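Both complexes shown next keep chain A, but they swap its partner, so chain B is in the first and chain C is in the second.
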Partner chain A sequence: MAHQVHAYHMVDPSPWPLTGAVGALLLTSGLAIWMHFHNMTLLTLGLILLLLTMYQWWRDIVREGTFQGHHTPPVQKGLRYGMILFITSEVFFFLGFFWAFYHSSLAPTPELGGCWPPTGITPLDPFEVPLLNTAVLLASGVTVTWAHHSIMEGHRKEAIQSLTLTILLGFYFTFLQAMEYYEAPFTIADGVYGSTFFVATGFHGLHVIIGSTFLAICLLRQVLYHFTSEHHFGFEAAAWYWHFVDVVWLFLYISIYWWGS
Partner chain B sequence: MCTNLFRSIRQPESKMAAFGRFSQVLLRSSLTQTRRQLSAAAGHGEQSGKTWKILTFVVALPGVGVCMLNTFLKEQHHSHEQPEFVPYTHLRIRSKRFPWGDGNKSLFHNPHVNPLPDGYEGHE
Partner chain C sequence: MNHLVKLPRLASRAFSSSARQLKNKVPESQKIFQEDNGLPVHIKGGTGDVLLYRATMTLTIAGTCYSLYWLLIASFPQKKE
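Our next item is the complex of A and B:
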């Protein structure tokens, strides 16, 4: 039987990059079709394909790493680079929306009444639910750190408890934000204030949901004994992403909720 | 980690090289490096988990509780009157129909606080 004489992972051929690309194409074109022609077929198809791709691709990675031992230290280093680069790209993504917000709010046009918030907009009180949301996310940052140390120290039960707590806090944030969205006296159609508010906080909320899902997968894997005290990069990646989500919220809170009110 | 950054200021080293060494320090995957990068400043080894557990139940969760109480109390002081409707042209923009329902209501439409371009529903 042939053995590799290097520590790297030569991945087996896989259909998932192709199905992912097709899914992304259907999703984007489907979104455009839905907006203009009110038909959801392409969009739904793209969404299903993408979800199936993600499930199977990541399932394969868990198989390759946890069960087949392909994630040697150099391979793990590459995965770390990858996650760092991805999060960096997301930072730039949000930077764009902050740019849009500051562009509109630093020099409010005459159409808005020459002021920020624009005439007729009653902003949310930053010291009510938004402050609670800040406390919730900061607390979840503490609990996820507790979870990390628990994993490193081999405390299985505490790791499960702290990770569950983190996910519950994430759900609580999402619930509170959804309530805020419903109760807000302004909508996304209320000029540039509504646009910048809901697009920036909306994408953030989406990232909270993604991060919570990632952590939930880690919880499942922790319960199934996938992580060891020395090797648990999937969890670290989820924790990094979660801290990123927290930091984006802090910027949103300071800029849009507090300064912008 | 901090000493690497200081070294880049004192010696004539390029920023890129300093960043490269910083990211290298972060990426070295041996256990002690990982622990030093990601553990709290206080406590090492067995103690760190305990520190964060204490922080969770003494600081983080009570902080959330205080904010919950604050929100609840403030909410009670609110008047729940419907805000006055002024038909400003820069608000309630409808350049394009929403892709759902009658195309006139936002995704999180709340009839009590979100007037349509003509005014609150049921008041026309």
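Our next item is the complex of A and C:
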């Protein structure tokens, strides 16, 4: 058997990039077909294919790192760069929606009544549920840091407890935000206020759900002894993502909920 | 009084976190995935892997054909009712 003389990871040929690409094709064409012909089959197929691809691709990465030992220090460095670049791209994604919000709110048009919030809009009180949501996410930032230190110090039970608490706080935020959405006196169709509010907070909520899912996978892996005190990059990536989600919320809270009321 | 002495030991055995702890199965997985059998990582786990791969690839090919079918339908002018 030939052995490599370098520390890098030459990945086995994999079908998941192809299945993922076809999944994206089905999602996009499925969306068009749903809108024009009221048929959801293509869209549903695309969603299933995307989920199957994500599960198998990430399962394989766990196998390559934890079971085959391919994640040497140089490889881990590359993974770190990758995660940082991905989060940076997400920052730019949200920057667009903040741009849209400030464009409309800094110089409100006569059609809105020349004021912000526009005439007829009753904004949410920033010192009620939104403030609680801020506290919940800040607390979850503390608990995820606690979990990291527990993993680094080899305290298995503490790591499981603090990670579980982090995920529960994430669920609590999602629950509170869902309640707010249900009770809000305005909708996404209420002019540019509704659009900017629900698109920006909506995408943030989606990222909270994604982040909570990532942390839940990390919890499962911690329970299964995948992480060591020196090597637990999957958890670090999830923690970075979670802190990013927290920071986006802080900007949302200060701009849209507080200044924007 | 004697039977009460045994109570703390019994209680800790019943409620101790080590009573139901998961065993570390990572070394077993490491053995399976480091076996020199030439299999790529996405099917190296066994029969379950192969079945899931086949199901995924079937959906991939069927889905591609289905999207081309809809493309054909959508490219023809729609009858106005």
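We take it that the second predicted complex is superposed on the first by the 258 of 261 C-alpha atoms of A that agree within 3 Å, B and C clash if a C-alpha of one lies under 4 Å from a C-alpha of the other, contacts with A are read in each partner's own complex, and residues count from 1 in each chain.
By definition in this document, a contact is a pair of C-beta atoms (placed from the backbone, for glycine too) under 8 Å apart; a residue touches a chain by one contact, two chains touch by 3 or more.
Just so we're clear, the structure is a prediction, and the values are computed from it rather than from any experiment.
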Which superposed partner A:Ala135 touches (first chain B, second chain C, both, neither): first
Which superposed partner A:His149 touches (first chain B, second chain C, both, neither): first
Which superposed partner A:Ile210 touches (first chain B, second chain C, both, neither): neither
Contacts of A:Val199 with chain B and chain C, given as first, second, both or neither: neither
First (chain B), second (chain C), both or neither touched by A:Ile33: second
Contacts of A:Pro13 with chain B and chain C, given as first, second, both or neither: second
First, second, both or neither for A:Leu49, with chain B first and chain C second: second
Chain A: partner with more touched residues, chain B or chain C: B
First, second, both or neither for A:Ile87, with chain B first and chain C second: neither
Which superposed partner A:Leu224 touches (first chain B, second chain C, both, neither): second
Parts of chain A lying in touch with chain C, wherever the complex brings them together: 1, 12-16, 18-19, 22-23, 25-26, 29-30, 32-33, 36-37, 39, 41-42, 45-46, 48-49, 52-53, 56, 60, 63-64, 66-69, 157, 223-226
Contact set on chain A toward chain B in their complex: 34-35, 38, 73, 76-77, 80-81, 84, 111-113, 118-122, 125, 127-129, 131-132, 134-136, 138-139, 142-143, 145-146, 148-150, 152-153, 155, 158, 162, 165, 169, 178, 181-191, 194, 230, 236
Complex contacts: residues of chain B adjacent to chain A: 23, 26-31, 34-35, 38-40, 45-46, 48-49, 51-53, 55-56, 59-61, 63-64, 66-68, 70-71, 74-75, 83, 86, 88-94, 96, 99, 106-110, 113-114
Sites on chain C touched by chain A in the complex: 17, 22, 24-26, 29-30, 32-34, 36, 40-42, 44-45, 52-53, 55-57, 59-60, 62-64, 66-67, 70-71, 73-74
